[in-house]
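Below, subunit A partners subunit B and then partners subunit C, in two separate complexes.
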Partner chain A sequence: MSALTAYARTLAAERQIAQPVASVRHVHVSDRPLVFVPLQLAGEANAPLAAIVGSDRGTPTVLTVAEPRDRNQRFAFIADLADVILPYIEGYPLGTREAKNGNLVPVAGDAPQLIVPGPAAVAFTRLLGRSARFRRTDGPYAVPATVPLVGRWLSFYSERPEVPGSSLTLVVTDALASHWATGQSPEEDLNLASILGWIAPPPGMTGAEAALLAEDPVRCPPAGPATDPTFDNEVLEGLIKAVRAARLTGGGSGRIRHALTEELRTQLEPTWERMWQAVDLLRALRPGDHVASRWERDCSAFARYADWARATGLPQPKHDGAVQASRRLWDLEEDQRRFAAERAYDDPLVMAEHRMSGEAFAGTVAAAEPTRVDASGRRRVLRPRITVETGDRVVVEPGTVLTSPARTAQEARVISVEAGERTLVTLELQKGMGQSLTPPPGSVPELGERVCYATFNLGYQRRPEFPPREETPWTHGGPPAPYVPPDENAQEAWS
Partner chain B sequence: MTGSGAQVPGTEARLARIRGRAMPKSHNARTIAALASNPGCARRAIMDAAGVDKQRLAAHLGYPAPFGQSRFALARGNAFEAQLKADGAAQILHLLRENLGLPLEQAHYIDLDDVGGNPGMDLRHARTRQLLARPEGTMFDHPVLRLQVGGRHAYLEPDLIAVQVGEAFRIVEIKSFPVIDGQADGGKVAAAAIQSAVYVHALRDLVGDDKVHHETILICPKDFSNQPTAQRLDVRKPLTVLRRQLSRLTRIEDLLKLLPEDLTFDLDPDPDDKTATHRRDPETLKDAVSQIDARYAPGCLSTCELCYFCRAKSSGQTARLGQQALEDLGGLDSIPAVLGLASGALRPSPERAEATAVLRQVVALRAEVFGREPEPTPAYPEVMGEAV
Partner chain C sequence: MTGAEPVGSATLAERATAGVLADLSRVNQGAGRGVVVDSPPGAGKSALVVRAAGELAEAGERVMVVAQTNEQVNDLVDRLATDRSDLRIGRLSASDYVPAERVARHQTVTVSEKAADLADHAVVLGTAHKWAMTGVDAARPWAIIDEAYQMRADLMLRVARLFTAGLFVGDPGQLDPFSTVATERWTGLSWDPTQSAVSVLLRNNPDIPVHMLPVSWRLPASAAPVVSEAFYPFTGFRAGTTAGERTMEWNTRAFGMNALDCVLETAAADGWALCELPALHTLRTDAEVADTCAALAARLLQRGAVARSELGEAAVTASRIAIGAAHRDQAQAVRAALAARGVAGITVDTANRLQGREFDLVVVWHPLSGRRDATAFHLESGRLCVLTSRHRHACVVVARAGIPELLDAHPSAEPMFLNVPAKFPDGWEANQSLLVHLSRHRVRAA
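And now, the complex of A and B:
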């Protein structure tokens, strides 16, 4: 957070309605996302209880488990889930493109998007994927082939929220919180109904009032995966017992199962509606300029994984190898850097945070020498200078190279900083002005123009060479054995 | 908690009056950890010292606590623990020896809960002390521990085992959240570590600092099974935090001095009514609770039964926006003050000048981005006086 966000929170508390902390949308929202709201049985290790899932708001699929502690029923649930998720994923075909080195690389024009209510749903999905991806279609406890397959996809999709800027999996409470500040705490923003209440209260209600009502589990059943304990004790326990009894006595189990499904439906449907309401709210925001290119990177990641999975037929290993882990870490840091820069370049409100911290400043061009030529070297070169007058706090030192969101290809080297009531920063420009000694119109900021300069840029950093797996240094455990999922993964103990 | 005879009788009498006719609630590691997480809250300190049933109190105030316990979770937790403790805690012994390689001889299992009659806590504590001193058994279940909280003794009856390995005891804690591929939910492990730290602290009080190992043992179900797995937890860090926080608690006696003599949270139970109806007027109860200063923070939402009540009474405080917001606002604790200083309606005192400069900058930047939106400049006379 920052002082800007904190101040927006106080304003929200005062005005009783959420305040924007972004002026454009920074996430991609698919035209046809797959919304997935899972519920789990309290106390168990990832025992699915129910889910509402689908890519069409009008026709969700509700899945339930009558006895979540029964291994067979768990996997029957995952198989049912696979019947929804796999056809959805198959709706996004892969193609190939020839890379510079002549290799064919997998590509996808668009990708499936998974939308879940909050971080807890991501954690649940990760374990659901983990519980399914090693299962075998033969031997003891055989499962349908779709179970390990969907397990791998769930594993893939539940890893994506860790990647800064990725929208393959959209975590709704996080997405909302990164665009609006509520008048409550980040802890409370994890409640989907509550944060939505602050942003879009029902008519006649303030955001604060709507958020309070959202805490009543009877009115607003939790978005999961944890259920309302009172529902567990007063409704669910009796029904699960009744289903078991009916099965033992052989009487009326269908009717009771139906009753169970209907009760679980009451716990899921309000969240389903809210999920789509959140999708609508996000869609209504104008996307930032870099949202599309980030989504393209997401599509490539999807295509690469789909291709790897198809080629190897293997589940993802439980743990990354040493080389893979360090490469992944490097990628995450690079993604983080780029995402932060892109967000700031796309959104003046985000840039404002960097202006507060001194990593960027904005002002007007107070002096300009657009045709200045530097003749000191062997070759005469165009080196225009401008002086920016700003009220922002400037902490950059002479020699620093800055970039402006308006002219991302141009480098601006700080020549001098004159502090005063208004600070004067003189910059020398190069690149982005063509080859001749006269800059094309618009390539050099003009006198009186509003400009912004930042210490960070959108440049793409090349990933350093990491050793191939076979050459993993001994300090990192040496080369790992070739990856073959061991049998014990498939046959692990279950309850 | 029940008081022991060694404490100031006046204090005990006052705490008893504050509690009223309800049965006293005793502390456990979770409540000590919660108390230590908000040491500035006198309200909770007094209520816990008095053994007030906060859950019931909150419900009577019209702000029922948001934490229920699902019977499914309870059942699984109990089943897992029972399985581990069966046959003289055979599974635990096996884990400690095989998994962790602890050099344990044949271990006896003694359940300290097995006491005849219904002795007081101080007696049971004495018995724990006596038995722990005799190294005839090495695994003790349900010891009664004691620690200093706000200048008073609090007793704990933890569901835990203390094992003597060589010269030192180790705390063994059993939790029913799973460890999957060697990883458990970080928040849950952290909470378990804090609770273990409470036990280490209390057990050290009993047997001496060097007799209790700072490494505790956490036993959880492995992957998706009911098979247990054990891991070591180094609780030195949470232990340091706990000690510091406990030392920051004001002495209960000093807190009591600030309160009216006749203060009570008695709910006025109907003596003939088997359904336990309470007749206390919620309004007078609210007034009574409000007599004690609180320090609400969003962390209360997961740790204190009174959270909804305290939150409702904390409007206008920046603390309710979260710890980070409070820090980012330069520690300014009142929302009206933040807005007033930001808009210029309030003139800052010198110690608020820096925070105000940041706010003015925020307002200017927002105005630039949104266009000249009118920032609200409501008049807040009471804050105005304080700030100008």
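And now, the complex of A and C:
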């Protein structure tokens, strides 16, 4: 936890209300997201019990499983889920665009967005997707064709939260916690009702009071996938037993099933409302400048996957191969670097954390030579110098190249740092000033202008070359066999 | 005493080296594809790399040497060129590389950014990142990979196209490579790209022989058993020198003996000292600890010390002192505290950056000092191992009281994963082991 976050949390505890740690929104919120709240049966690995799902606040679909231990019912549940999710995804058509090298690249103007309550729901969705995507539609235990299809989409969407900066899957508690600091621990922030209580308490209540009330599972049923144990014991167990008894005696179970669905609905609907409340809270924030470009990258990731799935007809492999894993790690680290830089460039509150750690500083221009020309080289070049006066702790060394959020195309090389009561940093500027020896107005910071410089930049880095998978070296186990998903992939090591 | 003559350290080390070289020639004859050598701190890893490169080149092999940083490559080039003036040596570099003086002074060394220019050189050295960008036409039958435990497996994947057989040398006790993203996606896979090159190599090639260098020439007799027991519990190593061979003496007497002087006296006499500040939960950049670290170093310079060792006698100057911390902002705080005292020339850095370096005296900011929790980062045994194994004479640990209680309150609670080999030493255990030892050399600062 950075010192600034620690301070914001202390402040939140003292003021009894959440404090903002971001001044703009750093996630994309779709106009028509698909909210998905799954519940699972306690004590059984990855057994879906119920879900509330839909893209319209007023008309959610509630799905339930009367006997979660029955595999047939489990996949019938997934088929029902597919009937909601697949038409939603099909509402986002794919197109193609011609790339520079002449190839046709799949593109999407907009992409489906999945919204889940917390990281536990992502983990559950991941396993649910994995259990469905390898299933066969013929032979023994055949499932409807929509089951493996929705399994692939659930797998795709449950993997997206690990990509820094991606909003294809929005994890609500994480999204809220990255914009507000509460007066409770990060573990407690995983409780949707309580973090919402801190941020937006009901009228007449403080955030702390609202969060305390949220701990009562009767008032606020858990957002899942784990259910309230008391509900399990006192309500669920009896109803599931009754359904089973009715089936064994051959009697009608319709009435009991209806009762079960109604009980599960009481567990799901409060969370449904809170999910949309959180969506409203996030929508109310002004989006950061780079949110749109990150969403564009999300859209092309969606289009690329949809295109790959359509072309190959294959489920995603259970594991990454050696080359794929290394390549993905490189991509994730690059996304991480860019997301961190974009967040700071978009948001002075985030930049403040970097200023405290010495990776950035802000101040005013105390001296400027906007028309300075360096004639030492072969040709005369424009190299303006400015001196920034700052009260921040400056730890950059001379020679370091810095970038300013106000002029991202421009490089500023540190010439000297004079420490003192107010530190003076002299910078030499290049790029972003046109070709002539007189800089266009506004391209060089003016005397008295407030500026900020950071050691990180938004520059795009090209992924280096990795060997093709057929040439996986011996140190990494040699080339793998070609990918044909075996039937055993539908088995889990622990099942 | 038993009748058997105790084996001298030099003999023991020579036997280990001979064993490695014998395995290399076996690989050359087609048995297996590589050899791994584990080297504890200061056990002559670079000497082994230089010797193996020389012998392979002598046998007519074309060798590429991979190290992790430009500094490390420069050091190896210098040593190899000094040892083997008969070899033509290539230094593969980036386009903006300016040859260091210790590289440029050798006639036999050619510096180039193109591997093709160096094709006829017996040994070519470069950083792992440079090799990773090099085309396969620069491939060589042999590679020697230095600091292989600090190289990440994904980088190895890109370098491994270039060689057929490899000698992988490194220190398993130091810091594992890290990734800026946290994901469990590859946990348990034999090619997990976030693991070190050696772990991936050994999991995919379990037949590769693993050797261990048995003698540390850097650590004094006071430190080798402690570091060995805490961080190398199963293999172990010993000091190459005896207790009497390394001493530290003062040029001046302490007047009045305040706490700082007591700490320094203890360190000089025992080789270890724990400077304990009152228990307190603090921000990461605990100003008092930063100041104590700086004050200790400043006081040492003020009093003047002479270090005597098997290499002779020399004053302990600022360049022979290091202060190590876990975080960059802590190192910054210490630098500021030193600057405020007008002391210059002391190396202050994080454990990651102190890896592979050597000093007479090292002041360590204990990673768990003043903390409320013991996270995996702060418990990592490699971090503590690096910090407490950089010294030739003495190590001073500065910490707030209460670390044993903190450890007891935070037993390792990391999740277990399928198919992940157990890793030793356990950070929690190693921390306890070192603290027990340090408690015998404790001085309470007021």
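As a convention for this text, the second predicted complex is superposed on the first by the 488 of 495 C-alpha atoms of A that agree within 3 Å, B and C clash if a C-alpha of one lies under 4 Å from a C-alpha of the other, contacts with A are read in each partner's own complex, and residues count from 1 in each chain.
In the analysis below, a residue touches a chain if its C-beta (ideal position, glycine included) is under 8 Å from a C-beta of that chain, and two chains touch if they have at least 3 such contacts.
Nothing here was measured: the structure is a model prediction, and the numbers come from that model.
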Touching partner for A:His319 - first (subunit B), second (subunit C), both, neither: both
Touching partner for A:Ala309 - first (subunit B), second (subunit C), both, neither: neither
Which superposed partner A:Leu329 touches (first subunit B, second subunit C, both, neither): second
Which partner, subunit B or subunit C, touches more subunit A residues: B
Which superposed partner A:Glu162 touches (first subunit B, second subunit C, both, neither): second
Partner chain(s) touched by A:Ala79 [first = subunit B, second = subunit C, both, neither]: neither
Which superposed partner A:Val62 touches (first subunit B, second subunit C, both, neither): neither
First (subunit B), second (subunit C), both or neither touched by A:Leu190: neither
Which of subunit B and subunit C A:Ala3 touches, first, second, both or neither: both
Intersection of subunit A interface sets (partners subunit B, subunit C): 3, 6, 319, 393, 493-494
Residue ranges of subunit B touching subunit A (in the complex, touch as defined): 66-77, 176-178, 180-181, 185, 221-227, 298-299, 301-302, 308, 315, 318, 320-322, 324-326, 328-330, 335-336, 338-339, 342, 358-359, 361-366, 368-370, 376
Touching residues on subunit A, where the partner in the complex is subunit C: 3, 6, 162, 164, 319-323, 325-326, 328-330, 332-333, 336-337, 357-358, 393, 395, 464-467, 471-478, 493-494
Residues of subunit C that touch subunit A when the two form their complex: 33, 132-133, 153-154, 156-158, 160-161, 166, 179-181, 183, 185-186, 189-194, 197, 200-201, 204-205, 283-284, 328-329, 332, 418
Subunit A residues within the subunit B interface of the complex: 1-7, 9-11, 13-15, 23, 41-46, 123, 127, 130-131, 183-188, 215, 227-230, 232-233, 236-237, 318-319, 348-349, 352, 355-356, 362, 391, 393, 492-495
